[in-house]
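What follows is a pair of complexes built around subunit A, which joins subunit B in one and subunit C in the other.
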Partner chain A sequence: MTEAVAAVEIDGVTKRFGDVVAVDNVDLAIDDGEFFALLGPSGCGKTTTLRMIAGLDLPTTGSLRIFGEEVGMAPPDRRPVNTVFQAYALFPHMSVRQNIEFGLRMRRVKGPELSQRVAEAIAMVRLAGMEDRRPDQLSGGQQQRVALARALVNQPKVLLLDEPLGALDLKLRQEMQQELKALQRTVGITFVFVTHDQEEALAMSERIGVMSEGRLLQVGTPREIYETPASRFVADFIGRTNLLEASVESAGAVRLANGARIEAETSMAAGSEVAVSLRPERARLQPRGAASAEGSSLDGDVRDITYLGHAVVYEVAVGPMSVEVRSEGEVGQPFAVGDEVTVNWDRGAAAVVAD
Partner chain B sequence: MQPANRPPASTGASGEEAAEVAKRRQGMLLASPGSLYLLIFFVVPLALISVYSFATRTSTGRTSLSGWNVESYRAIGDDVIVGIIGRSAWLATLTTALCLAVGYPFAYYIATRPRHLRAVLLVLVMIPFWTNGLVRVFAIRFLLGSNGPASALSESMGFGTFRILFTPTAVTIGMVYSFLTLMVLPLYVALERMDWSLTEAARDLYASGSKAFWKVTLPLTKSGIVAGSVLVFVPSFGSYVVPDILGGAKTLLVGSYIARQFRDARNYPLGAALSVLLIVAMLVAVALNQRSGSGADSGDRPRRRGRGRAHAEPEPVAAP
Partner chain C sequence: MTGTVETGLGQRTRRLLAAWAWVVFAFLYVPIVVLVVFSFNASARVNIWGGFSLAWYGEALSNEVITSAIRVSLIVAAVSTAVSVVLGTAVALALDRYRFKGRRALDGTIYLPIVIPDITMAVMLLVFFAEAFKFIDSFGPRFTLGISTVALSHIAFNISFVCVVVRARLDQFDRTLEEAARDLYATGWQTFRRVTLPLIMPGIAAGGLLALTLSLDDVVISAFVAGPGSTTLPVYVFSSIRRGVTPELNAISTLMLTASITLVLGALALQRRRASASQQTQVL
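Presenting the complex of A and B:
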């Protein structure tokens, strides 16, 4: 092999359930060894996409390859992938050991090899001593690790994870995020995971595919997705943002609905209706008149202040628009409701997104 | 859960006790009509039967309630009666196995339909069950008779007329038909509760469709299989109407034999002794199944035992 083959290659895949189009003509290539997240609101088609990779749903049209081999129509037991299910789907009538052995036994792995691989998997997820327990005798986090071991013990070429952390409470979820990342580095295989939690996707994955209504809207690194969203939906779904209606004036400037001219890079034709996405934490608040000439600015009045402890969120009325500004590390109470202020941001901090 | 510490301590303990007593009284009130009914129409006759089984039959066919003995129980050891019991047990086993073989795929089909279809299919299953049993058995008798449609069909296809009425085959067909619903319903309940992501997990872990069924679906619906089998086996064993109408004299089963003791032979003690034996056998079977059904291997979701604070569900083991 001279050229790297994609771990998963999805080519024009569409899935219909009756009249409903769950996945709409998706093209996607996931690299070998990558930690890839499919992100989107519920019902966006991300789980269906994952299930098609697993073979639990079959595509209506299109082609699906795993390491170059066409598997689109193959049953799940004939694919070199394993899945960590959303609610883990551990077999309740089997012990932890029997659960983990299941895949190997189905492939007729026996004797010392079986026990050695199972022992390794149990050690890897730190469940030694729990082998003879039933799933209902384990905590959520432990069940999750059994599900991981049960899939990884088969040494799949791709591991699929369907909302793997959704059932855990916040603290455990954050711990497991780190653990999953470390695990992926250790085993070195491709992880594809589905989540509706954008923070989780940003924190864990190397690349993210954002889906909505069956379509794959944007694929990129967390930084690309967050800082240069390709569309209004992506900008709005990932993190918080201010979407300011505007139209393109030239390649370097747009005009906001209230008439203000703002410097911003865009490749869209002059006159296109767009939105400017300004992240609340990228904007600064300054007393009116004290604003620096750098970057862009909008004048407004403080309408509301929310104190969050580690940050203060200001809602600023700019004409008919409302702009959210998030200020961290603020000392004292520099602003009060009703103050006349200027919202200011650096060149390049705001992104122009298509409708 | 009751709050551990109620703020106004003055009304605390005694208030709770009073509420507890009131709750218990309400429970007794709710259960009393049913208990009374069962006491009069089940426990009392059962006690009478037990008493009669130790009585003596006089030479004139009267039952003498003096001189208690176990003669009737000894008579059960007679070859004829042992043969009848053996035949009944065999037919009941066969009926149960056939009901399971027919009922499982059927229940599986219903349980995997969309929700609105399931309700319709279930009603269709129930309709024969709601129809008078005697009517159904006579319908079968007509169907299987040598002048009936089944025979006519067989003749038109060149297999000759067919004589299965008044044979054990006819009895088995009739019993499977009569008791199938009792098998399908518990199987349906078990399959309907089945978490299908588990079979998907099995498929994902390299099990073929049939392997996934044998390793996951079947063990997880064991409670339904056990319940259905008990519900079919118990009435088939003591069945009286079906073998009487479809079986003829050659297929004498224990139910008919008992009826004969009370009616024609006027041997109340023997009939009573056989009844007691049947009841005890059933109780043992039910108890055994109950134990296997609620054991750790059943794979059911943890059952709720009772309500309230007395049986708090075990807390999951804390994560390290």
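Presenting the complex of A and C:
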């Protein structure tokens, strides 16, 4: 562990709305300068967590620190954070310039400093020439930039983004992903963003926190989250995966529901009910009998083939189970429906996940 | 023909309906036109045209009873509008924002003055003032019916109207805008002053114009709660009718009509601005 103070430190924070527990005893530390994603399905508590950092909701219990300073109960205007809202929440009665100036004026920044900082922010998000327009005269992408400038002009220590790309169409969304990453590198502050889009989270963030039903299930780099999911939910939510029911036999092996024994690292006690998560693109398909001795394999029959252009997806029936295998760069048509095949994967390619 | 959808009505039916529409229109507006035309009548006889003249306007405006009534009307309208705009907006905000004990009851009864008959409201207020004065007088000071009771009564019904109009505006208000302001370091008061108030202003202004119009037009309630020297213009007109319709009354009525129409058009213009503003927020 480094000695640097975490940008955001959430300690045992719970938020209840009446009888509903929106956020359930969450512990989380977000580093200084990090691009952090809170990922989960709608209603998982990610937005509430973000709103608690912003001060728009107050935690029921627990402690929340920003750069070491306790702010759990502080009003939003007393926190060194700013938010980019989901639908931007630009002030419709103000021009682009007035929107961007708002935070500085509230902090009584005046004169040359005010105009200089506003001009810099406008230049940073490339909105020069649009200063006097009203928000309704801007496109979705431009509105998003105003929202970014309006937050960043205040030089917050942490920028919070609530589904920042949700309102944009696909092409613009991909552009803005790159732009946001570049922007974060330029300003060098911590970005915490909330999304339900796992691809977006994988592509943009340095670390991801996966949430479900108010709980923080796993925190890690995109690679850790994808390759060694800690639970069935995480494995299933991030990307596509085959979840094969199994029970732990020893530290190095599990037995699948169909009786097959598979080599896989696990720290769980023998006899635990688990699932083996096998990513479709990590599995290979081979004619029955030709399988290499390396790794693990399962025998089955090809039940369905989906041609996607850049890849072919095979659905293989292995006893009562169904295994999806994704094959890229395949030449010719090596398999047909009904073929007897062996699904094979390298040691370490599959992860054992708890229920 | 014109590209509109064929409604199935024959040409004859359409002509008949158009003619009928004109009849209705005439029924509504001919009396007004007659009133306005005869206010410029040089003759003292109400129903005989004697040439164009502004004499009756001069006569009306030099009659001290009338000018005093106009003054009372304007003071009452200004005071009751100002007070009811502040209180009505505050009530609307409270009902929209907060959950408190008795909120439901208040929500249901705040609109009562709009639906109960004027005459009931008038009697209610008169009885209330009589009882209140009896109570207050027991401590020494002496209150009587006068301009302040008229103003108070107008405030009583105007609050409801302002509240209705402002709440309609608040219904469309996006609360995230307030959160954005709070996030940008605005205090609660600054948020209200810089974001909430400007955005609900068209509603408040429309409510205010409505209040002004209602106050200037009220007869029944004012007649009940007015005291000596606090006769409003409509009450004066109503009481002079007993002495017959004079061209002077036509002139006064025309003045009141002009004032009312101006105010209503102002309110409509504001409401139209409100509608287009809400369309803008939807685009956002």
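Definition applied: the second predicted complex is superposed on the first by the 352 of 355 C-alpha atoms of A that agree within 3 Å, B and C clash if a C-alpha of one lies under 4 Å from a C-alpha of the other, contacts with A are read in each partner's own complex, and residues count from 1 in each chain.
Note that in this section a residue touches a chain if its C-beta (ideal position, glycine included) is under 8 Å from a C-beta of that chain, and two chains touch if they have at least 3 such contacts.
It should be emphasised that the depicted structure is a prediction, and the values quoted were computed from it without experimental measurement.
Annotation: superposed three-chain arrangement on subunit A; subunit B versus subunit C shows a clash.
Of the two partner chains placed by superposition, A:268 touches none, neither subunit B nor subunit C. When the shared chain is aligned, subunit B and subunit C each come close enough to touch A:82. Once chain A of one complex is fitted onto chain A of the other, the partner contacts of A:187 are absent, as it touches neither subunit B nor subunit C. In the superposition on chain A, A:317 makes contact with neither subunit B nor subunit C. In the superposed model, A:6 lies in contact with neither subunit B nor subunit C.
Of the two partner chains placed by the overlay, only subunit B lies in contact with A:142; subunit C stays clear of it. Of the two partner chains placed by superposition, A:109 touches none, neither subunit B nor subunit C. Contacts of A:172 after superposition on the shared chain: subunit B is touched, whereas subunit C is not.
Once the two complexes are laid over each other on the shared chain, residue contacts for A:124 go to neither subunit B nor subunit C. Under the contact criterion defined above, the residues of subunit A that touch both subunit B in one complex and subunit C in the other are 54-56, 75-77, 81-83, 85-87, 89-93, 102-103, 106-107, 134, 136, 150-151, 154. For subunit A in complex with subunit B, the touching residues are 54-56, 75-77, 81-83, 85-87, 89-93, 102-103, 106-107, 126, 134, 136-142, 150-151, 154, 172.
Subunit A makes touch with subunit C in their complex at residues 54-56, 75-77, 81-83, 85-93, 102-103, 106-107, 134-136, 143, 150-151, 154.
Residues 174, 176-177, 179-187, 190, 194-195, 198-199, 277, 280-281, 283-284 of subunit C are the ones touching subunit A in the complex.
Taken in their complex, subunit B has these residues touching subunit A: 195, 197-198, 200-209, 211, 215-216, 219-220, 296-302, 316-320.
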